[in-house]
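Sharing a structure, written as C-alpha cells. Questions coming.
Chain nomenclature is as follows: A, B, C and D, assigned in order of appearance, with residue numbering initiated at 1 for each chain independently.
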Amino acid sequence: MKRIEDFKSIIDRYEVIFFDAFGVLKTHTGLVPGIERTFAYLEAQNKEYYIVTNDASRSPAQLAQSYHNKGLNVVTADRIISSGQLTKDYLELKVEGGYVAYLGTTESAHYIESAGLKTLPVSDINSSNIDQVNALVFMDDEGFNWFEDINKTVNLLRKRTIPAIVANTDYAYPVSNHDVSIAIGGLAQMIETIIGKKFIRFGKPDSQMFMFVYDLIREYRPINKKEIVMVGDTLQTDIMGGNKFGLDTVLVLSGNTLPQDADNRIQATGIVPTYICEHAVIGPQALNL
Amino acid sequence: MKRIEDFKSIIDRYEVIFFDAFGVLKTHTGLVPGIERTFAYLEAQNKEYYIVTNDASRSPAQLAQSYHNKGLNVVTADRIISSGQLTKDYLELKVEGGYVAYLGTTESAHYIESAGLKTLPVSDINSSNIDQVNALVFMDDEGFNWFEDINKTVNLLRKRTIPAIVANTDYAYPVSNHDVSIAIGGLAQMIETIIGKKFIRFGKPDSQMFMFVYDLIREYRPINKKEIVMVGDTLQTDIMGGNKFGLDTVLVLSGNTLPQDADNRIQATGIVPTYICEHAVIGPQALNL
Amino acid sequence: MKRIEDFKSIIDRYEVIFFDAFGVLKTHTGLVPGIERTFAYLEAQNKEYYIVTNDASRSPAQLAQSYHNKGLNVVTADRIISSGQLTKDYLELKVEGGYVAYLGTTESAHYIESAGLKTLPVSDINSSNIDQVNALVFMDDEGFNWFEDINKTVNLLRKRTIPAIVANTDYAYPVSNHDVSIAIGGLAQMIETIIGKKFIRFGKPDSQMFMFVYDLIREYRPINKKEIVMVGDTLQTDIMGGNKFGLDTVLVLSGNTLPQDADNRIQATGIVPTYICEHAVIGPQALNL
Amino acid sequence: MKRIEDFKSIIDRYEVIFFDAFGVLKTHTGLVPGIERTFAYLEAQNKEYYIVTNDASRSPAQLAQSYHNKGLNVVTADRIISSGQLTKDYLELKVEGGYVAYLGTTESAHYIESAGLKTLPVSDINSSNIDQVNALVFMDDEGFNWFEDINKTVNLLRKRTIPAIVANTDYAYPVSNHDVSIAIGGLAQMIETIIGKKFIRFGKPDSQMFMFVYDLIREYRPINKKEIVMVGDTLQTDIMGGNKFGLDTVLVLSGNTLPQDADNRIQATGIVPTYICEHAVIGPQALNL
C-alpha cells in the first residue's frame, strides 16, 4: 500500500482505468471539482476508461446524459457499465417468458425491457397475473409505495418459487452532506432475511461485474489484468471486488472513506488497496505538457 | 417430547399456564374455535394464566378489549404481558428526560407515555428537537410513512448516539390465510444492519420477557419454574424462550407450525418442546365434570 | 455518559456493585495493580459486590481460590457468579436423565455434576452410549482434542435432536499482551452455523445472567435496579447486558476497550455506558478516611 | 424445472458439461456406480466436459490420479478445475513476494508454489518471519494441529494486515454414510467472525469459478453460455452458482440433496435448477447405439 500524491502517475502506469462513479467522479453536490481534467488527460493520452457502477436506476444512456448535464461531455454511454446490464444478461439467459416483476422506477425497468421481457411493477401484480411472474428484480429504491409494495414483494416470493435478482447491492447512499437514503440492496437484504430464500446479487464487489467489463475490452483488444486499475472510494465494494478479480486498486478519499479514517478501516477490514490517493483529480499543469 | 391428545391434561399438570396469543388463542380470522372452553376450565380449576405476547401495538387494556370484542370476556388486562411493558420498564430506568422518538401508531406510544416520558413520532423530528431525542423505540409497523420515516430513523441513529429499543422482535405476522406483513422487528433488523449499531430487543425468546411474568407471580405467591408451562405455536420464540428460561413447553399446531412440518422443524432447529398438542382447546365434556 | 476520575465516587453512589472479572479485576499478567484497595473500601463501607463472569472453566470455589493465590483474599466463592451456574440451573430443570456430553476440562464439568447428572466427555461418546446423550454443553476451549472432538460434536448434533448449551458466549480471550485464544463460544458459533440448529447461550450480555444475581440478592434483602451498577471493560457484553437489564453501567479502560478507542467504539456500536472510568482502582488516600 | 428420467438426454442437448465431483461422480465409498458409462458416452459423442470442484486439497494431477485409481481412466488433469487454481491466479497477480502462509496439507500448498511464491505452514510462523508473511491461504482442513494452528492463524491476522484467501468455501463434507467432517471453509468462517475482517473466497457458488472454465474454453473454441450445463448435487453451490453465471443447471439426487427432500429444499431456498435428474449415470443401452 503506497500513498500517491498525484493521480496522474496512476494513469501513467496503466492501460485501462475503471472508475466508480459516486464518491469518485461525483458527489451529491455535483461533479468532483477538477475531474474534467482527469478525463481530458485520459483522452489526450489515449487511455481507456470505464465507469463501473452499482447504479441500476437508469440506463447507461441516461447516466451518460446526467454527466453531460453536469458539464462532463466526454463520458459516453458505452463507457458506463452498470450492474443493471448484468441483470439484463441474466434475464436473457435464464428467463424464458412471462412477466418480470420489479421494484423501482419506470426508468430502471429499462434493463428488463432490453432483455426482451415483459415488465410488471410489483404494484400491478394481482391474482390473475401472479402465476405468470417468472422472476423478480430489485432495481431501485424509488418509484413505488414502500409499505404496499415491499409487503407485496414478500408475499409474491412466498407464493412463487422464482429467482429474485438484486441489481444494486448497496445498502445506502448519501443524499446530502449529512443524510443517507436506504438503497434497494438494503431493502432486498431485509426481505431475504424475512423469507429465508437466497437472492442473486449483481454489482461490486461481485466479480461478475468486473468480468463483464474485462470481456468487453477483450472483444476489441488484448489486455492483461496487470494493465487495469480500479479506482473507488469504498473498501467493501470497489477495492474488495477489484482486488479479488486480480486488479490493482486505488482508494480515493473523496467519498465514503474519510482521510482520517482510511488507515483504521483498512486495518479493521483487512481490505488493502494497492494505492491510496486523495482524489482522482489531476492538477492543471499536467494538461499543459 | 410427547404427543398429547388432550390439552386438558396439560392444564391439570401445572399451576400456571403461559399462552402465546397469535396462533394459539386467535388467528387472523378471530378466536381459535372452542378456546373459550379452555379459559372456562382454567377458571373452574382456579388455575392461573398469562398471555405473553410480542404485540406492543396496543396497551394491555386495549388488547384485553379486543378479546372481549371477539367474545372472550374472561381475559383481563392484568393477565396480558406485552413486550411493550419491558420497554416501559427500560425507559423508566435508563432514560432521564428529553424526547423518546418512536416508529408506530399513537396507541403504541402508550408504553412510552406510561414511563412518564415525552413522545415524539419520528415524522416530527426536526433540527430544533433532534438534540433532545434521548432514545428511539421501534413499536409497531403501522402509523407512519415507511419511505419518509424509515429513512429519517436511519439518519437519526447516524447523528445521535442513543439507545434504540425494539419492542417487538417478530419479523412478520400473518394478515390472511395466504399473506403476511412485515413486523417492526423486521424493519428494525434492516436498519441495524445498515447502520451497524446494536439495538436492544425485548420480547420472546428473550428471557427478560419470561422473568417479567415470573417476578409478577412471585410478588403474590411462591412459585417454582417446574409448575409453569409455556404454550406457543412458534419454535424460535415461544418454545426456545420457554425452554431457555427453564419452563416446560407445549408446541400447538394451530398457528405458525403446520402439523405436517412439526417433526422436521424440530429436528432442523434442535428446538424441542416438552409436548406437542394439536391446539390449546379442550373438549366440551371436560367442562361437564 | 460522564467521565469519572475517581472510581470511589461510583462505589459511594450505589448499594451493590457488579464486577466483570477479566480486564477489570485481573489481566493475563495478574491482578490489576491496586484493585485490593477497591475491595478493602467495599468491605469498609459495607457495600455488597458480585463478580459476574462468563468464565465457566472452573467452579466458583476454584475461581475464588485463583484470586486468593494472586493475593486477593477477600473474594469468596459466594461472591462469584459464573455463566456455568445458569447452565447448571437449566440442566436441573430441563434434562431428566441420561448423559450430558461436554466439550471442556474435567473441572468445567463440575457444573453438570452439581446438577446431579452424569457427564460424558465428547471423546467418550460411542455407538453404545450416544442414544443416552440428552444434552450437550460447550464448557471450555481446553481439555479435548480439537480436531477429533469438534468433528465428533458436529456429528452428535446431526444424529441426536437434543439441546446444545453454550456456557460461555465469548468468542476469544487474551492470553498475552499481543495474543488471544479462541474461546468455546467461538467454536460453538462455528458448529451452530455448520449444522444450522439453534443453541442456548448463557452469559453476558444475556439478561438471564443479571437476573440470576438480582434474584440472589432479593432473597436476603430488598433491592432496586437503580441501586446496582455494573462495571465492565467490554461494551458488547458487560455494558450492553447491564444497560438492557436496566442497570447503570461503568466502562473501565483497563481491558478490552483501549482509552484511545472508547469514544469511537461507543459511537460505532451505539452502546452507551452511564460512566467511563480509567479503571476500577481507588486511590490509597480513600482508605485513610 | 423439469424432471428428466435419462441423463443421456441432457448430454445430447448441450455442447459442454460441467460436473461437480463429490456427490455426482463419486461418494465417500468410491465412484458412483455406472458413471464410467457417462464418460464413455461423452467421449463417443465428442462432447466436452469439465470437473469443477471446490476441492483444493490436491493438485489437478493428483485429483486425476485418484479417479484413475478408482477405475475412471478417462479423466485427465486438464479436465479438472479446482478452486485452488483461482487461488493460484490471485496470488500471482496480487502478491509480490515474501511468504504465503497456509493452513492445509503439503499437497495443497502446490497451488501456492505454482504461483512462484514461497510457502510457509502456519506452524512455522515465528517472530523472525511473521513480517515477511504477505498473504494467508486456507487450503485444507488437514495437515496441521487444529488447536495450535487455528489460534496461531487468528493472531497472525490480528497482527498483519494482509489478504486472507479461502480456497474452498465448503463448510463440511461427508466422510461416511452418517458422518461429516468440518471443511476449511467452516474454519475460515469462524476466524472471519472472530477477527471481523473480510476474507476473499474462491469456489462455487462464486462466479469467478465458472468464469475461469468459460475463459479456458473460449481460448480454443467459440462457445455460448446457452450451450453449457452445470451438473451438481448441492443447491447452494453448484446450482446457485451455475444459475447466476447464466448456465442451465441439473440437480442430481445422488449426493447432498436426497430425493425426498428435493422439492422442499428448492422451495425453501428459491434456488431452482433447470432440470432434476436422479443421477448423472446413463443406461448401458445408450452405449450400444
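Rule of thumb we're sticking to: a contact is a pair of C-beta atoms (placed from the backbone, for glycine too) under 8 Å apart; a residue touches a chain by one contact, two chains touch by 3 or more.
These numbers were taken from a predicted model, which means no experiment stands behind them.
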| item | value |
| --- | --- |
| Farthest chain (mean CA position) relative to chain C | A |
| Cα-centroid distance, chain B relative to chain C, in whole angstrom | 29 |
| Euclidean distance of C-alpha centroids - chain A vs chain B, Å | 41 |
| Geometric centre distance via CA averages, chain C-chain A, whole Å | 45 |
| Chain contact topology (line, ring, star, complete or other) | ring |
| Every chain pair in contact, whichever chains are involved | A-B, A-D, B-C, C-D |
| Residues of chain A that touch chain D when the two form their complex | 89-90, 93-94, 157, 161-164, 195-200, 206-208, 211, 225-226, 236, 240, 243-247, 266-272 |
| Complex contacts: residues of chain D adjacent to chain C | 145-147, 150-151, 154-155, 158-159, 171-172, 178-182, 186-187, 189-190, 193-194 |
